[in-house]
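Read from first to last, the chains carry the letters A, B, C and D; within each, the first residue is number 1.
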Amino acid sequence: MVSLTIDDVKIEVPEGTTVLQAARMSGVEIPTLCDYPHLTPYGGCRLCVVEVEGARLLQPSCTLPVSKGMVVHTNTARVREARKFVLTLLFSERNHFCMYCQVSGGDCELQNAAYEQDMTHWPFQPNWDPYLVDASHQHLVLDHNRCILCRRCVRACGELVGNFTLGVKDRGPESIIIADLDVPWGESTCVSCGTCVQVCPTGAIIDRRSAYLGHEADVERTRSVCIGCSVGCGVELITRDNRLLRIDGDWDAPVNEGILCQIGRFLALDDERERIVTPLVRRNGTLKAATWEDALDYVAGRLKPLAGKKGDGIAALASTRLPVESLYLFKQLFADKLNSEMVTSIEEGVTTALSGKVAQELGRPFEGSLERLKSADCVVAIGVDLAENHQVAGFFVKRALPNGTKLVVIDPYDNQLHELAHYALQPQAGTDYELLLGLMSAIVKSGLSRDEPTNLSELAGYDPQVVSQVTGISADTIRAVARLIASSQRPVFVYGKGVTRASSPEVLSALIELARLVGALTPDQSAIIGTKGQANSLAAYMYGLDKPFEVDGHQAVYLALGDDEPSRRLIKRLKGAPFIAVQASYLSPATEMADVVLPVEMWAEQDGYYLNLAGKLQKAHRALVPPQEVRSNVGVLKALAARLGVELEADWRKSLKKRAPINPVVE
Amino acid sequence: MKFVRSLVLVSSDPDSLARGAQEVHERLQREIQSAGLQEEVAVVPVGDLGRHGAAPLIVVYPEATIYGPVTPDDVPLLVEEHLRKGRIAVGLRASARELSGRIAWLSARRGTLPAEQRIVLARAGLIDPEDIEDYILHDGYEALGKALTQMTPVDVINAIGKSGLRGRGGAGFPTGMKWRFVSQTDSYPKYVICNADESEPGTFKDRLILEGDPHSIVEAMTIAGYAVGASEGYIYVRGEYVLAQERLDKAIDQARQMGFLGEDIFGSGFNFDIHIHTGAGAYICGEETALIESIEGKRGEPRARPPYPTTHGLWGKPTVVNNVETLANVPPIVRNGASWFRRFGTSNSPGTKVYTILGNVNVTGLVEVPMGITLREVIAIYGKGMKDGATFKLAQTGGSSGSIVPSSLQDTPMDFDSFARAGVSLGSGALLICNEDTCVVDLVKVLLNFFRRESCGKCTPCRVGTERAHQILTSLSEGTAELSDLRDLETLVDGLSQLSHCGLGQTAAVPIRDIFKHFRAEVEAHVRLKICPTGACSMSGR
Amino acid sequence: MIDGVRDAQGVVSVVQAAVTRHGATAEALVPVLKEINDELGYLPAEALAEVSRLFRMPKGQLMSVASFYHMLSTRPRGRHVIQFCESAPCHVVGGREVWQALQDELNLGPGDTSPDGTWTLVTSSCLGICGVGPVIIVDGDIYGNVVPERVPELLARYA
Amino acid sequence: MPAVKSLEELKQLRDKAIKRRKAKKVSGRAQIVVGMSTCGIAVGARETMKAILEAIGAEGSGDVVVKQTGCTGLCEWEPIVEVTMGDEPKVTYGKVSPERAREILREHVMRGKVLSEFVISR
């Protein structure tokens, strides 16, 4: 600990703390612009300067580490003059006429800083030169006129997302933010994660959708969980008048620490499907609006006679985007109470079969955590394209690469991570098993293994030379990759549903064995991460909702789609079903075929829990009030159960531990 | 170069001229001619020597004897006694009462020869820089041999420390202390970097050393490596210095062949090798942390300090960064000892300093003289006086440090401390001598254009401040400025010097501050009267 | 300097030659860019794309570095590049008049290239040859003690 | 060349070189040194060097050694040429254009007559 004095108050802070952090710890506010808590301090804007006794010049508090006995003054006349001077220069640099800017009025950090310093004008002649506005991006606009060159966007793009699309061209007064080799932003390698817009302090980067829709001052913010995929990123839903304006990453969310991907930030807002606002019942061949009483009675009437029937009873399918509570009620109602043998989820277990197996073999409820990925020095990605799906997990990998983390990608098919990988292995489809054993054999031969292989005799047949014949990957490459993985300190294995021959469990056994061999399985934590599917696919798996969906022969189909979109394959299978009830938020080919449609809340309207890919349980919160006739998924299932005369148990937590009941759920 | 035996300065300010200085000067030249001394004695009219009561004054070097007031009739005696017989013409000396004030220090310099003392440039222009044998013939690699076979690393650091050698890049940090910091840091590997990114306007001393004596740098870096425990060195050579790069390349090759680089140098078990890294046109890379960023393949933006390169330098490892001229002092110090080095210069700034003399003087060039010489001496002795007999107005002492030294300070000894006391900076040693036709606004506008071009753009004060200052100076020179612009300019001076991240922005303010301090009336004339007193500014927007 | 007819493959081979000579480590980046710039006259996008690939360096980062250094150009340049030293030492000994003479001959602003692609005129900070200022450099040939009258003759050597 | 492994070896190397050079001087050869630094080159040192080499070739004045050196800092006088005849003291010429270089060769090197009007130091 280091003790120092800030504004006459003595405090103790850990070594390596910056003066800015120390000041904030002791409740002293120092204005900043280029600094951002989640980015490496840059020391560029100079707004945060403070007076340090003994130092000739004012010091930037954001980059200055504390030292013993330091005496700091943050609000002397000299400091205030300096802040004003810095702001004066920034205002004179480009076009900062606030009245024409969409983020003025409380949203602009530059403007707010000026208000704090009681600035009403600036003495320097402003710069009248117009700068470009790059409006080529699908979601964002880059207006160089408002840019203060703080480089937060550049740092966020590199440090947080690992994408490095944004950069700074030229230098000095000519400096300008660019994308790639100075191409239009919309034509660049930008992945539209939008982290830049979230960190931009001014109106230089604005979001097309929410821009010019009023001030940030009168919005509501709701912390929730993104249900775009199984990563489970924390989000902040920004709403006004029951309208969703924007989605920000939640900086305090432990999973994603503020970053989001395009799906979570932008695409979630772009839902153009038609909303169902009242229950519908098919009469004379057409769906007609009905009361909830009529609709529920109709469904209950059709389902009740089918209770207990196997093969010719009810086939029930739930979306894995539904909250845990709904999945639990759904499972109870159809599997436990109505005794149907065909109760499953929309993923049909495809994405979770592997992880269930891994967890079982490891004797633990869930696999490795994403935290592990953030600190890995070697990532082996098998059958998963982290640039395409589960993108935020991909960002953790990409951003670690400049710090020396090695990446090995094993995927027979096109994979956007191939070009970033130190080794991009494309084995013949269906030869993953051989490749994994080849790697193990090479590790054992090189003497780098950290554990005794349990399958030593088997390995003998998988010399890299032999394996190269099967997989099409050269023996030298196999040896090199083996050396790379085995010599790293914190290797992490990420796999997805693309693992070929997924049906054969030995691939996974091999992967587990490989991980064990290189020390990636320690008693307290495993470094194997399966990416799984949608937001609640792990929960669906835990409730046993993971079998292939068969409609043929069943007399009724109940689909709890929520706001999910049915696949063409699913629609095909529904053809010819005698009775279809759909519990959904939007019109879709499935509702068109339905006999009864029960309107439910979409994701932003519901409260509920989600179990992410690493077994972390998180709560999503309602940010919007649903249309009047729309009910919650839980409410619909409960009402249906009541009509069927069935008692449902509400404690979903207990059963969530059932499938692998060894350790408690991480909460 | 013709090294004259005696140098005679004649004060020729308006006051002296009114009292007959012109006649004294002419008489002096005639007498010297008739005495046949014209090859040995140089007569130089200089500006104001101060002490108008005793004008016209004559100062004779090397004895620094001051005579005055001198009449034409005194001249024959003075020439006969002092210049022919070498005796001081006692009766003609200025009375002690007249020796107070600005020129009083002159007597303190009595006995100092107006000749050069070459330590770092000893071999430049003497040896074939592409021939290692020539270097060895002139004591080359002896210091390295001595260090490696007869001294411990601590001995070497102590020797450099005791010598009082201070960095010649501009800041004047004690070299021995820097080496000690690195040697005491317990993190490996360590690096030695030679900062050869010389880009100060008007400075080319390092180029001369690199082009004329490249082996001295190779030798010095190897000694530094031994002292601090580094086995790898980088020479960051300015991209524009193509010839220097070629010569260094050859020198390193030859040194490797003869075992002065590589493994087990001088049989001592010490290994060292040097890479050349070329810059690509960025003045800011002369700043040591920007230089390190540049070697690491990044934009040359200065890092936040602390931590300093001595603990977190290249690739985050302890690193010594020394300027070329600083390093060139190392082998002679190791060879001859610290006390030998202390014989030159002043006690706080021992050794010599290389100055480049440029601008409106008769002879431009580069000299290496002991620390503490004055501007007046440099102009008179080495510059051979002002060109076309013009009057000295100001000197600009090198880009980044950029002080503008008015003629009133030309008698301040040029060493780190005296200059600092006078509120000016010694800088890298460039002396741009300007005559009375130089407009300070025009000159500073050119300087600020340089700073805005070379600003890296990282910090607001420098990125915007240099631009705004240049804008205001331009409007001054065009006659379109208002009085409020002068206030803004002064605000910029304070902000730039107080808030900039690195030396570039901090010192960009210095020349502006200096002209406000020393030439305020001239600056204000551009606004109040809308005229340029020297006629240099076009005042097109008037 | 630039022949203007190098095809994409030619550009790539220049890049590869430079990388072969210096390597593809971080510290080789600036030297490699410099060599490519010398060879091609500037850094075309194809060359930077290839550097990005070989150094495994994202394009945005690469451009940030490449555009920082004034000896590197990311824009095409004329067949002959004239560097004019605009620093104070050259300025006070007649640099301004030489600049005027260059203007009279070429009528180009700083950084401009003549419409026929013959000349690019760039200003430069001090080149360290102040002892013989004013200084101009044409295609790497250094000329000192330049007086305005000499400018037409100097340019004629290249036209 | 074998690596130098001690101060003693370095001294021996130097002594040998000194002897070798002395022998050259006594033989009465002329040594011409041209200052070849960037500033010298900027004002024509290459042309001067070329003129000297061509003139020597053309007139077959065999016993002349031409060398280069760096810059002494006399920018004003560039290009600078030093002429040393045998063991006579060195004569330094300033502002040596190609024509002047040819003249120096003709008068000083061939006929031993120092062209004092161009001498800046001797």
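Annotations for the structure displayed:
The working rule: a residue touches a chain if its C-beta (ideal position, glycine included) is under 8 Å from a C-beta of that chain, and two chains touch if they have at least 3 such contacts.
What you see is a predicted model; the values in this text were computed from it and never measured.
Chain centres were defined as the mean of their Cα atoms; on that basis the chain farthest from subunit B turns out to be A.
Closest chain to the protein centre (all Cα atoms averaged), using per-chain Cα means: C.
Subunit B and subunit D have Cα centroids separated by 29 Å.
Rounded to whole angstrom, the centroid-to-centroid distance between subunit A and subunit B, based on C-alpha atoms, equals 59 Å.
Subunit A and subunit D have CA centres that are 74 Å apart.
The distance from the centre of subunit C to the centre of subunit D, each centre being the mean of the chain's C-alpha atoms, comes to 35 Å. Each of the following residues of subunit D touches two or more other chains: 38-39, 41, 73, 75-76. Counting only residues that touch two or more partner chains, subunit A has 168, 170-171.
Touching two or more other chains at once are residues 204, 207, 241-242, 282, 299, 356, 364-366, 453-454, 456 of subunit B. By the document's touch criterion, interfaces exist between A-B, A-C, B-C, B-D, C-D. Residues of subunit A touching subunit C in their complex: 154, 157-158, 163-171, 178-182, 188-189, 420. Remark: subunit B residues 198-204, 207, 238-242, 275, 277-283, 294-300, 356, 358-360, 364-366, 396, 399, 430, 432, 434, 438, 443, 446-447, 449-450, 453-454, 456 touch subunit C in the complex. Residues 282, 299, 304, 306-307, 452-468, 471, 484, 487-488, 491, 494-495, 498-501, 506 of subunit B are the ones touching subunit A in the complex.
In the complex of the two chains, the subunit A residues touching subunit B come out as 41-47, 49, 57-58, 60, 63-65, 82, 85-86, 89-90, 92-93, 123-125, 148-149, 168, 170-175.
Per the touch definition, subunit D reaches subunit C in the complex via residues 38-39, 41-43, 73, 75-76, 78.
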